[in-house]
Amino acid sequence: MSLNTFGHLFRVTTWGESHGPALGATIDGCPPGVPVEPGALQHWLDQRKPGQSKFTTQRQEPDAVKILSGVFDGLSTGTSIQLMIENTDQRSKDYGEIAKAFRPGHADIAYHLKYGLRDYRGGGRSSARETAARVAAGGVARSALATLVPGLKITGYMVQMGARKIDRSRFDAAEIGRNDFWCPDPVMAVEWAEYLDHLRKDAHDSVGAVIEVVASGVPAGLGAPIYGKLDSDLAAAMMSINAVKGVEIGDGMAAAELTGTENADEIRMGPDGPVFLSNHAGGILGGISTGQDVVVRFAVKPTSSILTPRRTINQAGDEIDLITKGRHDPCVGIRAVPVGEAMMACVLLDHLLLDRGQTGGVRGEIG
Amino acid sequence: MSLNTFGHLFRVTTWGESHGPALGATIDGCPPGVPVEPGALQHWLDQRKPGQSKFTTQRQEPDAVKILSGVFDGLSTGTSIQLMIENTDQRSKDYGEIAKAFRPGHADIAYHLKYGLRDYRGGGRSSARETAARVAAGGVARSALATLVPGLKITGYMVQMGARKIDRSRFDAAEIGRNDFWCPDPVMAVEWAEYLDHLRKDAHDSVGAVIEVVASGVPAGLGAPIYGKLDSDLAAAMMSINAVKGVEIGDGMAAAELTGTENADEIRMGPDGPVFLSNHAGGILGGISTGQDVVVRFAVKPTSSILTPRRTINQAGDEIDLITKGRHDPCVGIRAVPVGEAMMACVLLDHLLLDRGQTGGVRGEIG
Amino acid sequence: MSLNTFGHLFRVTTWGESHGPALGATIDGCPPGVPVEPGALQHWLDQRKPGQSKFTTQRQEPDAVKILSGVFDGLSTGTSIQLMIENTDQRSKDYGEIAKAFRPGHADIAYHLKYGLRDYRGGGRSSARETAARVAAGGVARSALATLVPGLKITGYMVQMGARKIDRSRFDAAEIGRNDFWCPDPVMAVEWAEYLDHLRKDAHDSVGAVIEVVASGVPAGLGAPIYGKLDSDLAAAMMSINAVKGVEIGDGMAAAELTGTENADEIRMGPDGPVFLSNHAGGILGGISTGQDVVVRFAVKPTSSILTPRRTINQAGDEIDLITKGRHDPCVGIRAVPVGEAMMACVLLDHLLLDRGQTGGVRGEIG
Amino acid sequence: MSLNTFGHLFRVTTWGESHGPALGATIDGCPPGVPVEPGALQHWLDQRKPGQSKFTTQRQEPDAVKILSGVFDGLSTGTSIQLMIENTDQRSKDYGEIAKAFRPGHADIAYHLKYGLRDYRGGGRSSARETAARVAAGGVARSALATLVPGLKITGYMVQMGARKIDRSRFDAAEIGRNDFWCPDPVMAVEWAEYLDHLRKDAHDSVGAVIEVVASGVPAGLGAPIYGKLDSDLAAAMMSINAVKGVEIGDGMAAAELTGTENADEIRMGPDGPVFLSNHAGGILGGISTGQDVVVRFAVKPTSSILTPRRTINQAGDEIDLITKGRHDPCVGIRAVPVGEAMMACVLLDHLLLDRGQTGGVRGEIG
């Protein structure tokens, strides 16, 4: 991974600013023969696109994706794929204070210090709008995975908003698509709606969230120790998403509280090979997938663009109080769910290709 | 990062197995003119080396490092540096069951499935012994940082063992080097000693831990969005350490519980530039360092090699009960502290060079 | 370099097919603050664009470049730059035999064997049309070089067409832009014109060429031994251009004929440092620039798309005779001149950034 | 990004200086299950090692290779392989003038300018001694190729010394191992011996050479356009060898002299697929192997360390005349033959793995 590219063999370079003419993803290393249709990509982009409920930014973007290269007669050719999404609702406006002031908790000041100049319009490159390109690229990765590993399935959902966590005993996968929060717990979905309405309308505030992404049907053997470990790459991928501050695999931070006897995912022999009796490891041991579900969680901090004034400075060094008007997500974690799924898809495909290159995909035998 | 290498410009490739003749680190991209002395590297290796207290493995290894290349008259020449540590206490023994059985919670089965064969002696490549090479490489990185950024300081310590967390109100940096746990809380250090004695001698068990690593004096501007972000690379680096299951930057997973007003690290103007009134961000915004302390935490799961029997299978597919004899760490998190510091040093140096390449190290002005 | 990307820190990924909707270059790692204007890029693209004389393909393409990202108020921001060139004259036609037959000497059969499918329209990805993206990226590199190394100058020209070589005693840099061949020898330019007219109209044939690219004002110290050597990267860059079969640095292949006494570029001390009395080395010693002119030559084979029938096979395995109609360059080497210049610019900038990262750009002192 | 590393998936990092304690190669990405025996590696190292005839340096080095990691029970495990060669005949001596003076035509001055300091003992890192590490790594690559592509064969030989070229009509592969020059022409071998004796003893001079390396049995489909082309990577690999100034694929620079009709390698259908009637392309079209012999040539300049005085300067800026005593190769091209073979092996294996990763190794069908 370097600068704006991630991946070893399935390499995605994203480009584009929030209020520029377009943004997109350049994909290098997609295997040939993978079906890549605009409609299929659009399906995933529609899940992330803004303005779909009162709980996300009211910016209206169709997020229509154009495939400019690398696909012929509906199939990838093995050459670089260019996916472009034109911006349509980048409001022409006076950016006023924001152009020269630094929102506390936002990348504004960091970009200014590093680069000396920045595209301040809508957050420029640091805007979460960049994640649309990830979702588009993830759509290609999903299609390749569907071709190469038919049974593989990726499911993302929100498990926590603020201090409010789902009750795992109420977990219902079918519920995920039925509410505005990708919430698998129908009771909590209602509670979150009320809470977020309050934050948005009364408190003029935002809130953080925790997302979980699970991949089932992942072949054993993905991951290239020591530094191309599957969990290491997943951690990098998730931490690279805007506003993410923590990443967990399996039991994550809670693994610290376990003893060795508790943490051991005991193994029995099933008809099709090893069967694990628990999954504290989150499907990854020594950086390599074991065939169990790969389980990743990440925490998204609250949006820093809020209507409540905060103390800050501007480029001239003046101390000011700042509120951020405009169209912002009160809980940016919601729209991070399809982004997390996309990153999972990209990392898994990347490691599938990497493993195929290194080992030929042959697996050690048991029994 | 790819396979056994990490870093963009300061690239470290580690090699070696637990019971092979030697292990080491090949460093590519160290700036010229950096003092590299065996004694200085040994200082850091001694912090990680086994057998120093009853709370770590009793394997006796001097971990003496040899500099085989890239250094002339005590200074790095800019060419590749080879650091070698010879193994001396790899016991010649019958590996018995372990050679063909898979310890639950251990990388054994994953390596077998991926590669079809594995060096089972002492865990081979998946042994935490590999981290000695990281610490050696980190020593070079520290020396380069000391040359390039004189005020920069890296401090690691343990903040949690099992469910027992330090009391931050008792935090005393001077305490860290005085106990066997790198514990900054003298009261908790005593409690941990008792608890670990119990686990080790009575319960025949092991336990997890949380490590925190703080870098102060880090220049603003390090990190290369979107996918070479400083936090993304730190997450990958820490997650690549053996047994790590979660990584946090700043408030980490707890950031999910904050509102935007709480999370905003407000900014005032100090005599030397911006001053932040809090550090929920852990010193990184938009993937770029801000000049605040860079704060990383990671959770280490309990050692899977324990004397309590666990159910598992062997290579023949037989269901067995397994206990792991030998010399193992009851809390491998302890020795992960210098490893975490080493990774922090490597990542910071890498990004310092990367930033110097991309921007020339010039910073945007404020005021 | 990997798949469709070249460069270490200044990384260019090109995309697009000859007859697709567009092609372009994704640039990652451009330093911030570099002036990037469409007009400046267009200047270079106009030098390569087709249809400018009777000696190049008659396809009409304005090669108008759009800057979609990474530039704000006319300056690079340090984020990824997307340059797009829309195709306008991709004739809608029946590709007939070409769709399923393999032109001898062309990439057709290699793409088919590797990928199993290919975009056959106009050569798809293997078309020299891809080089437009290189020239656009090279324009950005030139602008960055102009900012960072004011005196640096890159000049490309043709030194040989078929067996006809220029007479170096008649070398006149001012002549290069005055003829259709970038020929610095006015006498030879006339001879080439007659020869190519004959080939084109009477012989229905094509011919090869040799291009030389010289960079003056290159700072000493660029190049990262052993495998990121400046000459190694230049060789890779030039060999990656369509139809190139040989690359030489300085005396090149003729260096084999020299003795050590002849080959030694003797050194004297000038007012501003070392002065070399000759330049057999082409400005590079041990993979590192010395401050002398960097001199690269490469040979371009003749276009394989010709009107003279050649024996070949088609996808069905039938043996056929094939002629290639359509608009093709009788001497594709002509348009390779600006491409070679672009690659030189990209490689030099890349190594300038790399060196700045590794050494800080500080040079060893003499005297 | 990589300084001392080459390769995409089969990655080799070399380390070590001419007069340091040891040198070696760190190999990352070797497939598991490849036989790696010291004896097999030694076979290749013995071909390159110095002091074997009066025509190479009289330094005596056994070049005994030790395998320190990545191999278990004689097979590669898929983890990083460390190969170490200890130096034994690095004479303890006064380096005198060489320590502070710059040999004309040598990397001395370039290293000094770039790094500010250099290991001047025996040329340090810029010594051709580094190529021993390449040959060792090439031995591993050959073993992996033998496992994966049984029929593949790599043959290197010298085709030119000074202006004296072999007569291709006398080409006899069996002759290559029978003389001191890897010369396939027995008549020319005798002529070279006389000429080099004269240069060495009477003229106190050195001379250049051209090496050709041919790989037969290479599968079609290796090479990753546009910038990971097989020919581009071969060019980089060969140009990275010490003293190389030119690289050719197939007809190389002479391709410029051909017309399209001459250059077209016509294709007929044989019993096992396409048969090419000529091989101007050197087995590579569009950067992808076609199944024909892959043919690479490179020119090696004469050794710059000669006993004839040359004008130069020293670090203090004094103008001096310099002769280089010591043990040097009068024609360093001779020992470059096994190095060229090693690089060919590494590049082919690398692309085999890369292709396997990207396409699964499936080939398009003909007929």
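Note that the chains are named A, B, C and D in the order they appear, and that numbering of residues resets to 1 at the start of each chain.
The working rule: contacts are C-beta pairs under 8 Å (C-beta built on N, C-alpha and C of every residue); 3 or more make two chains touch, one makes a residue touch a chain.
Which chain is which protein? Per UniProt: A, B, C, D = Chorismate synthase.
What you see is a predicted model; the values in this text were computed from it and never measured.
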Centre-to-centre on C-alpha atoms, which chain is most distant from chain C?
B
Between B-C and A-B, name the chain pair that shares the greater number of C-beta pairs in contact.
A-B
Report the inter-centroid distance (CA atoms only) between chain A and chain C in whole Å.
38
Calculate how many whole Å lie between the centre of chain A and the centre of chain B, each centre taken as the average of the chain's C-alpha atoms.
26
What is the distance in Å between the mean C-alpha positions of chain B and chain C?
45
Which chain C residues touch at least two other chains?
2-5, 9, 14, 29, 32, 78-79, 114-117, 125, 225-226, 354, 358-359
Residues of chain C touching chain B in their complex?
9, 29, 31-32, 78-79, 225-226, 353-354, 356-360
Residue numbers of chain D touching chain C in their complex, please.
1-6, 8, 14, 102-117, 125-126, 130, 160-163, 199, 203, 205-210, 220-221, 223-229, 231-240, 242, 245-269, 274, 277, 280-282, 284-291, 297, 299-306, 308, 310-313, 315-319, 333, 355, 358-359, 362-367
Provide the residue numbers of chain D that touch chain B in the complex, in ascending order.
1-5, 11, 13-17, 20-24, 26, 28-29, 32-33, 66, 68-70, 72-73, 75, 77-82, 84, 114-119, 124-125
